[in-house]
Amino acid sequence: MSARYGMVIDLDRCTGCGSCMMACAAENNVPSLPQATARTGLTPMLVRKVSNGMEGIARRETFIPILCMHCEHDTPCVKVCPQQAVEVDKATGIVMQMPQRCLGCRYCMTACPYHARYFNWWDPTWPAGMEKSLNPGVASRMRGVVEKCNMCHARLHSAKEKAAASGKREIDLADYVPACVEACPTGAIRFGNLADKNDPASQESRSPDAFRLLARIGTEPKVYYKSKEAWVRALAESSSGPSLKVAPEVQHG
Amino acid sequence: MASAVVTNSRLADQKWIARGEERTSLSRFLLWLSPWAVVLAVGIYAAGLCLYYGLNQTNMDNRFAFGLWIFLDLGIIALGAGAFFTGFLVYILKRAELRPILNTAVVVGFICYSGAVAILMIDVGQPLRAWFTFWHPNTHSMLTEVTFCISCYLLVLSLEYIPILLRNRQLRKLPSFLVFEHQLHKLVPVLAGVGTLLSFFHQGSLGGLYGVLRGRPFAFREGFFIWPSTFFLFILSAIASGPSFLMLVTATVEKVTGKCLVPPDLFRRLGFISGILLAIYVAAKSIDTLIWLNITSPSVGFAPWQYYMHKPFGTPILFAEIVLLGLLPAFLLTYRKTAARRGWLLSAAALACAGILLNRFVLTVQTLAVPTLPFDEFLQYTPSWQEVASFGGVIAYGVIVYSLSYRYLPLFAAPKGENTHVSGD
Amino acid sequence: MKMSRNALVFGFGLAVALVAGWVVFPRLLYVQKQQPLEFRHKTHAEKSGVADCHECHAVREDGAFAGIPAMEKCASCHSERIGESKAEATLVNSFIKPGHETPWLVYARQPANAWFSHAIHVKRAGLACTECHSTYGTTDQVRVYQLNRISGYSRDIWGHSISRLRRAPHEGMKMSDCEDCHRRHNVEVGCLGCHE
Amino acid sequence: MKVTRRDLLVWSAGAAAGLLVTPVPWKLLDDTSIWSQNWPWIPQPARGPVEVKMSACTLCPNGCGMKVKTAAGWPVGVAGVSSHPISRGALCPLGFGAHQLNWHPQRLRVVRHGANPSTWIEARIAFAKACSEGPVVVIDGYPGRAASSVLQSFSRRRDGGYRVVLGLETRALAPYEAWSGVPASALGYDLENAKTIVSIGAPLLDGWGPPGRFTRLWAERAAGNADPQLRLIQVEPSLSRTAGRAWRWVPVPAGAESALAAGVARVLLEEHMVSARGPMPPLTLAEAVAQTGLTADAIRDLARKVVARTPAVVIGNDDNPAIAALNVVLGATGSRGIVRRSKRAEPYVSADAAIPGARAIIVDASVPWNFSPQTDAEVFRFAAWDGGSSRADWLLPAPGFLEDLTDVPTAPTFAFETYAVAPGLVKAPHEVQSAAQFLASIDSTLATAEKNIHSRCEDLFRGRAGTLRGQEDTPVAKFASIQKLEEQLWKGAVWVGEAPHPVTLRCELKEWPSTVPSAHPENWSTTWQAPVLPPLATKLYRESNLREAPEKRTA
């Protein structure tokens, strides 16, 4: 049976520590390039800080981890790629990017509403010797290609291998935990198979507090968010951009 | 370069210039070329930097993944549409009176398309893998369509260009070339047909390129079958602006050389065609805009006003695009009184071309600048000198190729015995 | 007369091209490389009574493939020289004693971006080693390793017949070969299945 | 016969036609395409057997449990250990990049004398000379380790001093040391049983103690809950990470913390909200209002919230005695809140004080990089990385991340004692040496750190107290042999002592302490002033607006 891997990220638990970003970069051999900036960097997992637009005591801030949303329906990046470097994996629902096939036209980046795709503006380089610390199982990308979150497919590979070695057909989800999920100190990210109704993640994705970014565009993202705070949900649903102002319900002080 | 023309004097390169044609002295010609040559050289250097060090030489970034270059591609390909459209009118619709500008049309088209392809090759991160598109094409991608059609059409244009090239006085001396040219010339009507078909598709798919972007509500359009409305709008706008651009080019050459190259009424005819098509385009564009603002965009929860709340990309741009640079030139080009006056005609043509360029600019640049996520900001991007230089390089390349073609090839002299090819003449 | 002369010249050009393409080109394309040691699968199978490939090329319980045995495996028998051959001397003196791993040239080595799991193919699908590695495990000397000057990979990836027309079922380890086999057994894996 | 141009054309036509039916064009196309997909100059991961080894993070004194993935012997990734009682599966962001630190461009590989490279021999000679001239002081940034006792006993023998630089969390406990005589390093916070926590500027959710402790507690008992089990009240001038996530945020201008503490204490005492007795602060409520900018009602309300759900404890981010006094008033010392976790008797001497008379000063690699001793003695500074602008006379290359065996004593702020071992997983470059190794090599009668670790294990084994917590929990008493116990410790198990004895902390406080203006230390890496950061952390600063680089913040 085919799985549909996805995540539910509880924004109320996110303290914006950045562990997920670090773990992601380490797992996927993302180089730390001195030339790169916030505009040109490689951050397959990017925690963004947003606020309710108010000031002083009424101000609220929260953190929204942005990664590839692995859109299920009419996936914007898949249909635009001229040479099939992007595809929705049938067995897992993972939207995957093949750097070796990519020609770097960046059409997929313009197509992605989440800006979850990143371009290798430079060849990857590491300080002398540090390439010894690269994670085996993840090939490093070259300059001029697009990359993004592949849901730690190297971990999926080893999970498959382990299953095969023990004669099982299906992988044990305990063996397949993406780096960001594993790293989160508050357990804010829940990863699972959304196709399985009993999976905790799939259940959480159906909770009333759950929502998806730009769901109204209709691309059926498989990354859900969750927050009890009304202003956060209002922000996520609004289309009015950063000018939004929402008063908080709880008064501090 | 002044309009004075040196006559009855043997020029250094006289034997290369067609008999009976008068050209300025070689030195003055070179003087005219030299500044352009410099621009081209700088452009090639900049392009070299981008190819050698990669796209970090540009000022594009992860959110502004397309920049000046894509605007250039879309722009010049739209203006180059004059080539296929004139071919179409002459050979398919048998409008023989347009024949005098046919060669110019082909040369201009060739320049625009080769320039665009060159820029595309710099614009992709791994040019050596660009050919994978032909090996593993994704048939659902507009870009695949563009790639196939543009490369095929560039081939067609070269084939159309060759016979003109072979009419050079020296090359004609080689018997085999003469034969080849004659054979090839029989083929030209067919090529024109093929070219028309190809162009129709890629002009369209260039529009589709942005129209299909569901994730960019500013650009996304509903459409017919697999094609978003921009697909058809692009075809229309391209064939509307093509003739106007040809008119401008020819007029410039006449100004520079101080010669009258085409029959005086030709401009009016071109202008009229351009004007009518422009009018149709403006109508279609307005309807499309209304549908988009009132149905398409609200349906995905984007309020129209928010696209235009960011200076300097306010509603004035929309107004300029449709009225100032659309409706107005359409009127000037078709209205008898204004069309009769060369000055009006040309400035109208200029406006029309500007309108098309603005449309391409809005679609390529504003689309990326407008925020999609609720917490995104409006983006700014200024191209790096490398981008600008390679942009200029393409322009210079165009001027140089055209100047050379004009000097050494009989662009405007309709070759004798040719009329027999065309019926109803 | 003229015609025939043309035909002659044309044919001559044709012939030159054919010879160059089919005979000279392959020789130029590949560099012949010798393995650091002359290892004999056959001898080892007989002497040490090793019947099964997996005894040396094992799949670990976490599914990872151990690949070519590490030096201590060799050292377990070859701590001191067995026999007088020159290779034996090199093995003991330049690898086992200083404790260096042998820099074997791996015929089946794939690019870093390709992921292949022996566990899945051998344990689950039950493929025999010979299906991809031929009867190499029973040969009595190591083959010459042919390095492709352009791609930098072993000739085994492309397969030995340069035309790839009449090649043995186990020959060739290109992506297309994987795809063919998967199609034959209709096992579908996306790019993700095999790429890193 | 002569060859005409025509012949050449025909010949090449033939050749071209021929080439098309040879492998040449097609094979070249294929090979170049493979080449263009695997550029030889792009670094690729090394091939080799992958293993997972257990150790602990040695970057800061919290000693979080670490699962280290190695390939071909090199660490290629780290992860937390969920069964670990201290870190409970969590690591701080820096930890996740730690395995790359040993390759940092600023890694120290040669001995440095001033600005110029030198050798260990010369360093030894210089050190021996200094020793012969006078006492030697050793400064430790991570007391309680087996290595620390090597440093300690060496300095004792050289009638010098053993000074320590304590982390901020521990320093915040200094007032209680003054009032109870129990060393700050023997005190901890009992957060696990607290129901209300008032943090006055402490970055509880942002690098305070081991990330797995309070962060996890908060996530389990408070996150996203309007009426949480664990109420976190954050008093801070700005909306920090912690304030943003707190149950309530009380904005108070920097420097007014003491006034707030006094104000709250006054309300508590005047309105008899507390059973415990303490000194009445001299500050009137009106003055508190004036200084904090809060209304009297706000302060009263805060006081009520503090005692609404007990146990409650106040946590400061510096040694501000007013905050400590508030805890005394709350009765949050001894049985709950601030507790004594270990039997340590004598307090450490802080390294902040000037060091007169010493001829040589050894600064251990664990001392925060930004610390420089006030002295005219010759400073021998051990460090794995050169953070630049060091005022040490000698810079001596020390082992880097997981390059030597060290042990992990109880983490700062912990309520109970723990002991763990961090086995070295990487072979240290031959030119590096830790301070302990250096001193042990000079004074051969000193027990090495390894020996000390072993003897500590013996003590644990003989003590028969506490539990070894790993994959499964085993009481120490159940262990048949010390080898078994050591084996478990080396596999990442952690020894956890018994719960603290309630009545062992008694704070004698006659009148309200006069307060010092509080400094505001920055968030994150307060526990670990590293000479350098993992490259990926620097990347995080550069490529996201999530965090600001420390150098930017201090500037």
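Per-chain numbering from 1; labels A, B, C and D assigned in written order.
Operating definition for what follows: a residue touches a chain if its C-beta (ideal position, glycine included) is under 8 Å from a C-beta of that chain, and two chains touch if they have at least 3 such contacts.
Being a predicted model, the structure only gives us computed values, none of them experimental.
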Going by the touch criterion at the top, tell me which pair is linked by more C-beta contacts: B-D or A-D. A-D
Approximate Å spacing (C-alpha centroids) for the pair chain B, chain D: 63
Report the inter-chain centroid distance for chain A and chain D in whole angstrom, where each centroid is the mean of the CA atoms. 29
Centre-to-centre distance between chain C and chain A (centres being mean Cα positions), rounded to whole Å: 39
Distance between the CA centroids of chain B and chain C (whole Å) is 53
Counting only residues that touch at least 2 other chains, which ones in chain A make the list? 41, 48, 100-101, 123, 137-140, 142
Could you list the positions in chain C whose residues touch two or more of the other chains? 64, 111-113
Quick one: which residues in chain B touch 2 or more of the other chains? 126, 129, 132
Chain touch graph shape: choose line, ring, star, complete or other and state it. other
Please output the residues of chain B touching chain A within their complex, sorted ascending. 54-56, 60-63, 65-66, 123-127, 129-130, 132-133, 135-138, 140-144, 147, 209, 212-217, 300-303, 306, 367-368, 371-378
Given the complex, residues on chain D that touch chain B span 32-33, 36-37
Chain A to chain D touching residues, read off their complex: 10, 12-13, 15-19, 21-23, 25-27, 29-30, 32-33, 36-38, 41-43, 46-49, 56-57, 59-63, 100-101, 123-142, 182-183, 185-188, 227-229, 250, 252-253
For the complex, which residues does chain A have touching chain C? 87, 89-92, 94, 96, 98-101, 137-140, 150, 153-154, 156-158, 160-167, 169
Name, in rising order, each residue of chain D that touches chain C in their complex. 6-7, 10-19, 21-24, 27-28, 30-32, 34-35, 37-38, 40, 44-45, 49-50
